[in-house]
Every structure is written in C-alpha cells, then in structure tokens.
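In what follows, structures are represented as structure tokens.
Same chain, two partners: chain A is paired with chain B first, then with chain C.
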Partner chain A sequence: MSAADGMRETVRDLEKSRFFSGNFLIAVVLLVIAAILPFFFDALGSELDTMVWATAYVVFALGLNIVVGFAGLLDLGYVAFYAVGAYAIGYFASDHFNKVNGGKGIHIGASSFAADQGIHLNFILILVIAMSMAALAGLVIGLPTLRLRGDYIAIVTLAFGEIAQNVAQNGDHISISGYKLSAGQQAISPIDEPNLPIYGVFNSALNLQPYYYLGLALVVLTLLVSFALRESRIGRAWIAVREDEVAASSMGVPLVRTKMLAYGIGAAIGGAAGAFLGAYNQAINSNQFPFSFSILVLAMIILGGLGSIWGTVLGAVILAFVDRYLLDKVRDVPHDVFNLDFSTAEINFGIFGFILVLLMVARPEGLLPERRRKMELTEGVGTDESLFEARA
Partner chain B sequence: MLRDYLSRYGLIALLAAGPVLFAIHDLAVDGNLVRLGNNLVAGFSNGAIWALVALGYTLVYGIVELINFAHGEVFMIGSFVSFGLLNQLGLGLTSAPLGLVGGLLVCLLASMLVSGSLNVMIERVAYRPLRNAPKLAPLITAVGFSFILQSVGQLWLGGSQVGVPDLLRGQQQLFNVWGVHVDRADALALGLTIPLVALLSTFITQSRLGKAMRATAQDPEAARLMGINVDTTISLTFLLGGLLAGAGGLIYALYQTNVWFFQGFRAGLFAFTAAVMGGIGNIRGAVLGGFIIGIIQQLADNRVRIGGLGGGEWTSVIVFGYLILIMTLRPQGLLGEETREAG
Partner chain C sequence: MEAGAGNGPLLDAVQVSKIFGGLVAVDSVDFSIPERSIVSIIGPNGAGKTTFFNTLTGLYRPTSGRVFFGGDDISRARPDQIVAKGVARTFQNIRLFGTMSAVENVLVGQHARTKAGVIRSILRTPGVRREEREAREKAVELLRYVGLKERAFHEISTNLAYGDQRRLEIARALASDPKLLLLDEPTAGMNPQESAQLTDFMRKLRDERGTTILLIEHDMKVVMGVSERITVLDHGEKIAEGEPQEVRNNPRVVEAYLGKQG
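Now for the complex of A and B:
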C-alpha cells in the first residue's frame, strides 16, 4: 500500500467519524478567515473592538445554546453568569482585596504592571475560577427550576438574573470581613491585563489584537466542546429531554443530572466569557449586567436557529455587529441626512427591537436551523404543544 | 408528603412572614399597628395597578400561551397618553373640580383606547404571523416590540422622569380608622380598579364573546370547529388586556405623580410575577397576586434596610426572591392555573 493510499484511508476515516463530517472543512476555512481578518483593520479601531466583542458574544451564545438549544431549558437570566465571571476577575485581578497579606498582596503569575495590593492571579487561573464559580451559580439557579415547565423556567431564571444585577448594584453596601461585595455603580478598576505564557502581557492601549486572538481561542475551544457534547451520550440525553421529558425519563435518562449538567456547563462557559470581557473592559460595574444582555444573547441563538451550533455563531456575529458597530455608525444619519435634531443613540434599543421583529417575522426558524429541529417542527409532532414543556 | 405540606402551608407562612414580623416590630416599638396598617393600605393601592397590568398578562397567556413582554410598555404608553392629554386639556392644580373629573374621564378613555389598540396592533404585526412558528420566536418579537416602545417613550418625553401635577391632591386624607389613613390617591386606585375588574369578570363569564374567549383558551382547534372566529377572539383578548393596562397607566401617573419611559419594564416584571403567583390564566389569581406583590413591594420599599441601604433599593431582590420561592413550592400559583394543560 502506497503512502497516498494510507493518506486516503486516514481521510476516509476522518470523514466517517461524525465529529469531523462536513463541519471540519467549514471550520478550517472560517478559522483561517477569522485569523487573518484583524490585519485589515486598525489595531485600535472600532472594527477590531467590535470583533473582540463578537468573540465574547459567540462564546456567550454557544454557552446559552447548550442550555436553551440542546436541553430546551429557556434561560432568561444568562447575564448572571456574565456577572459572576466578571466579578471573579474583578476580585482576583485587581486591588479589590487591598489588605490581604499585610497590604503586600498576593501575586501568582500576574502581569508585572499589576498593583502591589490585592490579589493578582494569572488569567488562565482566573478563567478556571470564573468557570467554577459560574458553574456553581448555574447549579443553584437550576435547582429550583427542575420541576417547572418551560415558561416558568424562563421566569425563575429571569428573576435570578435581576437579583444578580441588583445585588451587584447594592453590593457596595455589603461588607464581608472588611471587603465590599462589589463596587456598585462605581467600578472595580483597573483590572490587570492578561499575562499569557508565550505572548506576555497584553496592552489594550497599544494593540487590541491579542484580545481578539484570545477571544478567538476561547471560541474555538467552546466550539469543540459544543460539537463534542452534541455527539456525546449526554448530548443525546439533552435532546431526548428536550423532545419528551417523560419518554426520556422512562428510557433511563436521569432527568436531574441531565438538566443540572446543562445548566452547569452553560453557566461555566458564560463565566469564562464574562471573565474575558471583564479583562477587556478593564472595569467591572453593576451597569454592565442589565436584563437586555440576557435577551441579546438569547436573540443571537434564536436568530441563528435554536440548537444549531453554526447558526448560533452566525447569529452572535450578526448581532454583535449590529449592537457594537452598526448602531454606532448610523448615529448621525438622522441629523446629517434628514436634518433632524436627534441622534439614533437615543433609540438604539428601538432600532435593535425593530431588527429583531423583522428578522423573526421573516425567518422564525432562524437563519441556519438545525436539521433535527426542523424535522420536529415540520413533522407536526406536538404542533400545538410547546417544545419546551414537560408533558406530565 | 413533606412537599405537599410545604406546598399548601409553607406558601401561606411565607407570604404572612413579612407582615407578621413587621407587626411584632411595630407593637414592640410603637405599641400599635398604625405603621403597618398604612403600609398595607398603600400596598393595596399599588397592588391595584399591578393587578390591572397582571390581568393583561394572564388573559394573553391563557389564550395564546405567550409571555407578552411588550405589555409593560403598553402600560407605559398608557401613562404617557394620559400625561400628554392632561397637558393638552390644560388640566392643572387650579382646575374646577367638575372640569377636572370630566377631563380625567376623557384621559382615562383615551389612554385605555390607545393602549388597547396598540396591544391589538402588536398582536397583529408581531405575534399572529408567528403563530405556527417555534414557540420562542414570538417571545423575541415581543421583546423587540418592548424595546421599540421604550424608544418611542424616550423620544416622546426624554430619558428622565417627568413630574405629573398632583391633580387629585393625592396625599390628602379622606378618612382614617384608628390612625390608618386612606388618601384620595388610594381611593382613585381602588375605586377604578375594582369596577374594572368586576366588569371584566362579568364580560368573560356572562357574554357570548367571553364564552368564545374561554373556549379558545381551552382548545383553539375545537373552538374553531364550533364556529368561533379564533383570530378575532385573540384580538379581543389583546384589546381587553390593553384597555386595562391603559387604565393602570392613568392611575400610575396620578398616583406616583411621575412618568418615565422605563416605568414599564419594572411594572411588567412585577405584574407578570403577580400573574404567575396567582396562577397564570386565572383572573382572580392575577388580582390576588397583584395585591400581594403591591404589599410586598410597599413593605420592601419602606421597611427593609440591608447594609444601611433602604428606600426600595432591595425591592427587586425581595419581590423576585418571593417569586422563586413560590415557584419552587407551588409552581401552579396560589389559585391554580387555568391554561390548556390544566384543561
């Protein structure tokens, strides 16, 4: 057998394995495009800033997609995990705990520009901490929703999201052994810039590219996790629970564990993205966690096609572009073009809402619907019943 | 066993805990219950507004199983219409009583009609085309419309709170019982809400259209087979919800003496909480839930201080904390839900 035959054999094996089929080529092409894209833009420009945000949004959306898309648990309080992740980096990469170690602080692999006081850990360590804290929060939020039907899950998670924001806002009045829980509407700032092994210390004042590539790395990791999970035993269990909870349970799918895993993993991914955005924003304040953030991320996955991984990526990129770039660019259109004396900055939300309504009415199943879900919808199984309810 | 017990009595204990604690506190400190009594009266008045908004959520959810996220904003637009019309009519603190009452009635009708037709329009544009779409699609258009309406409000009256003249001299006392005073604003809130709820309830239980609504809520397919025009019935439901929200909007403007574009967000969340708490789809439940939320909110606004921070800063945490506990203990709400599943 020649070397070429052996090669062909390997490729055929790869093609056969479900993990790589089809997706692999698209993924490589997209990744190459994404990797060279920053070279076309200014290293400090708003385009690159939008792209950094887009990577964060893709990670958030992929995390939420696991909860809502895979497992069918409608979560309207996803912002809580952004908050947990952001405060994790706020605590462990700033001078927030300024009296620890007798005012000398604790430094583990942190940037050499970090202040003396406070706890300063390496970004990768913080990522792990943020994910664990968020996963724990996810389990706490998931627990009371276990017995609930779809819309009620939505409301309970929404309530948790609002509580998280409110606690963050009032946290500057709560002290635990001398330290405030948060800085409220003031910010915990500055946050240390990440210090990564090969690259060194980031500097957002000079160049945003390192943040973009860090974000992209997180996106790739999350994508791999998403694909692996979808094809795994637990992924099939999620889909079974989504389609029919009672049937899944009677086939031996452990409902509690399955649902809790969805909440935990989705939350951990949100926590990671939150820590990343916290580092990028250089400040953590309570205004960063409004209800509209949860809706924005949810809109991304619904726009893309619920449960569809590539759809989620597409939806997140589009809405990141609208939210961070387009709305900003059209700000002066009413004034310059129509000679009106207002800027669209005041009605950003309205424009965003209008776009949401248009997109949904035009294509309610999402831009790249998942094949399986499309089947569920068109076969007429349970057409007048919700996809998201336990049929008790 | 334990769960049944908790579900039945734990909830009542939970709801009573706040008032009882404050009652003990008042008895110990003041020697009477006047403070608590005043809180309760104000809570009922607040709750009347939440009840009117909650009815819109519960009616709509009962019939199309959709959380109408734009409903809070419909309520906000109702407030704005009344405020705008008050100014147009030139009603002020010096207006003659008869003119004032007439003018307010005009405002009430106008805000109800605008909110009602707005709600019908939203259903027509954003929900009806998606009736056979995945269930989350209309939820997103609902959120989209709520954003649009918030922007409309912001362009209309700006980004900050706008004061409404205290036309009724709302703080003026009407009568008092053992020191607990009922003010004119309380009379307005309860005096408008109770007849409206009674009218709604009569309409739904007695009229032909109400019967059609109930039939559609139970089973839209069967209702259609029986010759009921389901689309019209759904529009009617949205109209009723909007009318009540408009009335709530006027009461809110006069009661709080300020309006702003963001008022609908919190109102929407609180009212939906009320609807869920009472049992979604259940009209009496929505009213009961509204009053309970009103009282919880009033106590949280006035009495709760955590970390030296009071004055309503913790109200959302407390109201939503209650929501989570109630959902955990009794998902079907206090009076039980009346939706398709419940039959």
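Now for the complex of A and C:
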C-alpha cells in the first residue's frame, strides 16, 4: 500500500466517523415512532396538544443549543427571539394592519382568515420573515453584547430578554404611522391558520395533527442544520472559541464574527419556532414571553447535556411533557393528598429546579452528554484563563 | 511564494512600546526579521519577551510604535487578521483545544485558509465537501510532517504525550500556511534529545518551506545553534542584537543574565 493510499484511507475513516453513521439509524427509528404516535391519541386531546408544544420546545432548545452548547455563549434572553418570531406572524397573518391597501388588505398565498383587512401571507413566507427578523434582532443584540466575555454576556442578554417582554407589554402605547407596535395584553388575534401546499388549510378546531406534523418537520430541519453545522468549519470554530478564545483567535478564528454567527443562527431558529407557536396559539399576547421561558429552554439543554444534539431533544421532550402535561394531571395532588393550599402549576419552576438539582448531584453532564462537555467537566479541559485585552 | 518581494524585512517593528498601567513591559523596541531567516529573542525572566510576542500577533495593541508585516501596518489588526496575513504562533504554556483530536486541532488552524460559510455548510455542497476533504488531507500531511505517530492522529489532544502536544501545536500553526512562524519557548520541558530534534526541524522548515522563524527560547544550546541573529531584551528594553557570537560576548548581556560583577 502506497503512502497515498494510506492517506486516502485515513481521511476516509475520518469522514465516516461522524456525520451520519450511528445518528442516522437512531434518527430514522425515532422519526418513524414520532410519525405514528399521533394515531394513538385523540385528535384534539391534551396528549396531542402536549406533543405539538414538545415539537416547538425541541426547535427552541436546538436553537439555543447552538448558542450555549456549541459556542458556549450563555444566553439568558432567548425569549426575545420567541417574541420576535411570534410578532412576525402576528403582523403578517392577522388583521393587525387593518388599514393597509385601503382596508382591503394584502393577501399572498393565504386563504383562510377571519377578515379581509390586514396583511395575510402564506405561512412559509412568514417563516422566512420571522427567521430574518429574529436573526436581525440577534445581530442588533449581539453586536454590543458579544464583545463581552462569559458571565457578562449572560447578564446583558438577560436584560435584553426583559426588554423584549416590556416592549411587547407596552407596545400598545407605541404607535408607528397609526399602528400599535403590539397589542400588549389585548393580544393580536386571531392568527391565520397555516395554509401549506399539498395539505391545505389547518383547522385547530377539528384536528391538531397537522400542527404536530408541521412541528415535526421543523424539528427534522433543525436537527439537520445542527448536525451539519457541528461537523463543519464553523462548528469547529465555535468549539475552539468556547474552549480558548485566545488560542482560537491566534489560529485565525475571528471571535466576534464567529460568535455572531452562532447567535444569529440560534436567533433565526428561535424565530421560526416562535412563528409556529404563534400560529398554534392563535394569539400573540405579551404575557407569553416571560423571563422564565428563557430559563425553561435553558433547563432543557442542561437536562439533556449541553452541546449534545440528541440530549437537547430528550431534555426538551421531557420538560415539555412535565410542563404541559404531567403537572396539569397532578394539579390537585398537593391539595387533595397533602392538604396544601397550592397547585402543582404554581410551583412548576420549583419542580424544574428540583429536577436540575437532582441532575447536578447524580449526573452533572446531563442525560446524554456530549463527549467534549463530559471531558470539560471531569478533566477540567478547556477552561479559559485569559490574557486578552477586551477587543473586537 | 512571493520570493523576491524586495530586500526589506518580512516583519518590522518600529519603536514598539507596551505599557500596563505604570509598568513598561516593552520599551521602544526596534526589531526586524529578514525573510527566510531564523532569529531569536532571549532575555531573563520577566524581560518582556512574551509581551513583545503578543504585541506582534495582535493579542496586545502596542501602546506606541508600529508593526509592519510584508509592508502592511498590522499594529492595530486583530489576531485573526494577522494570521490571515501569514503570521502564526505557538504558546509558551501549550494552548491546544483540549477536547479536540489532533486532526481537529489542525483543522481549526486552517480556518483562515478555508472558506465554507454557514449556508453552504448546512447544505453540504460539493464544494464544501471537497474543501473539507482537502483540509483533512492537509491536516494528516502536516501531522506526519511534524513527526506525530499515526495512531495519535485521532487521539484527544489532552491525552497526547508532552512532546507530541508541542509537535501538534506547531502543526496547528503551520496549518495557516504562515510566512512567519513564532515559537514561544518550544523546547520548554523537553529533554536534550528532543530539543536537538526540534532544532533540526526548524532548519528543515525554513529550508523546505521557506518559513521564517522567530524564536523565544531559554535553552542557550538551541538558541546559539539555530539562530542567525539574536535580540536580547531586559526590562523591556533591547540591550543587544547581533550574531550569536557577538551577543554571547556582549558585556551587557552577561550582566543581564549573571548580574554585575565586582
């Protein structure tokens, strides 16, 4: 065997090593299970409702995982991108802009709406707009924020998350050329049900299945994006930045640009999930965007294993189930069994916190840890002491 | 290769100072590196050698003075921009990406020489696949070149033997096709035999690839053996410069190292 053959072989081994291999088989099996699952449940039941939420949460969590898990940027204001995506569909699939086109409205590829007034675009178009708006918001937030390091990023993004909710809350007092920025607690409603090619118009009053399959499609797309990016030049740069900014930049990785990419992509994915959830909720209400949402999504990633794609999916499914289903089913247990004066829904974050504490004690690397993260935890690899001057 | 790009120096630092608060770490140093040469900076501990290195590679901005590389002013450039221009470095305390394999470390080193963006990476276009394959081939080739054993290629870098980590750091730096390679105490922690190997390797690198090398080094045997020119720093100031023989006999250098004699 010549040296060239040996080289080719080494490289081929390397290529085989990750991208599809084991993942591919697991993915197919899981997808088949996920696809037939709805047939076991009532088409309007709380089980299917939980599953729709779970798909949305998985997409959110995968998006945040790119920011926090891959690039190591602790973002505590991820709810901002949920809000942006939700308002994108609020603006472009409702009668919010009721005076456009002389009150006759603008309709592109949409066929089911309560009133002619307002802008009504096709869901796919809105998805693109939502992602663009969220990515833009990500860049606006990221540009001043990502020059900071570590914990400072967490604090500043936390503030931006709060700002997003406050803007949504008070947006009904802000008018731009006759239109309110948001409807605050009044909610922008109703939102058009998606109208997709092949399937046609959704009807959440009759059947939730279409929403579930739409959510599942978004999950699959987000998974493909996550896997492709992780094994790419960009993905390696994120890991490098996460492990050691000084070494990364000294190897030619532009820090701010690389972080911005992670932040922007995470934001775009959050925007897509936000638009989806907006359509499903049929209303965009400012109290849908509390700080606790950011924490819930972060908890999903931590539960599953920071940086681990399958772990993130698992964590999101588990917490979605607990949050949307289980706590509701055992709502009255504290009262009936223990004679306590509250329901489980009121202490949900206490319960999540307890789950996380248990996890930190028993399995700090998460349920399905990523190899690298595990090393960082157990061997103290990749801790970054800095000799850097703060600079762009 | 832009051979014959004039007879000017490859790197030229003019009156470079770096001041931290009240501490003058580098004091008005003039310094230049001719193309295809091997030059060293020596000096006692705390003389400002590494600070000077960091100033050249963009980790620090010079407080005053300017740095030119290939005629371009890089005094205010970012580290990644300086890498793109053709300067690569290693670190005194090895800074590999600890959770990455040897090959992956070298792939990160190629960041400035590869292009795949987000959209094309997501779509995994044929162009991206080809670039990725070529990058991996180049990584394997570089690891062989620095003398890493085949079985270490996929080993996580923290698990590598110390000498291999040093080699890997050099391979990672070479991945950006540098015209100038800065080595910060590369023989620290090596035994005499390994140091001798590294000395040979530096010559080979210069002769085969035309790489210019700047070295910070404590091991005088290595420095005297390989350097064509030596610059001596003490308390941030340049106190001597010249060929090894001249520097060795310079009274100020002897004084800096051994203290003033009676």
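Going forward, the second predicted complex is superposed on the first by the 354 of 392 C-alpha atoms of A that agree within 3 Å, B and C clash if a C-alpha of one lies under 4 Å from a C-alpha of the other, contacts with A are read in each partner's own complex, and residues count from 1 in each chain.
In the analysis below, a residue touches a chain if its C-beta (ideal position, glycine included) is under 8 Å from a C-beta of that chain, and two chains touch if they have at least 3 such contacts.
Given the structure is predicted, the values throughout are model-derived calculations rather than measurements.
Once the two complexes are overlaid on the shared chain, A:302 sits against chain B while remaining clear of chain C. Of the two partner chains placed around the shared chain by superposition, chain B is the only one that A:158 touches, whereas chain C remains out of contact.
Residue contacts after overlaying the shared chain place A:30 against neither chain B nor chain C. Shared-chain residue A:174: touches chain B; no touch with chain C. Looking at the shared chain after the overlay, A:330 reaches neither chain B nor chain C. In the superposition on chain A, contact is made by A:250 with chain C only, not with chain B.
In the superposed model, A:229 lies in contact with chain C only, and not with chain B. When the two complexes are superposed, the chain touching more residues of chain A, out of chain B and chain C, is B. Shared contact residues on chain A (touching chain B in one structure, chain C in the other): 387-389.
If you check the complex, the residues on chain A that touch chain B are 68, 74, 144-145, 147-152, 154-156, 158-160, 162-163, 166-167, 169-170, 173-175, 291-292, 295, 298-299, 302-303, 306, 342, 346-357, 360-361, 364-365, 373, 377, 383-384, 386-389.
On chain A, the positions that touch chain C within their shared complex are 7, 10-11, 14-15, 17, 224-225, 228-229, 232-237, 239-240, 243-244, 246-255, 261, 265, 371-372, 375-376, 379, 381-382, 387-389, 391-392. Contacts from chain C toward chain A in the complex involve residues 54, 57-61, 78-81, 83-84, 88-89, 91, 95-100, 103-104, 107-109, 111-114, 116-118, 121-124, 128, 131-133, 135-137, 140-141, 150, 153-154, 156, 158, 172-173, 175-176. Of all residues in chain B, only 61, 65, 67, 125-126, 129-130, 132-141, 143-148, 150-152, 154-155, 159, 220-221, 265, 269, 272-273, 276, 280, 306-309, 313-314, 316-317, 320-321, 323-324, 327-328, 331, 341 touch chain A in the complex they form.
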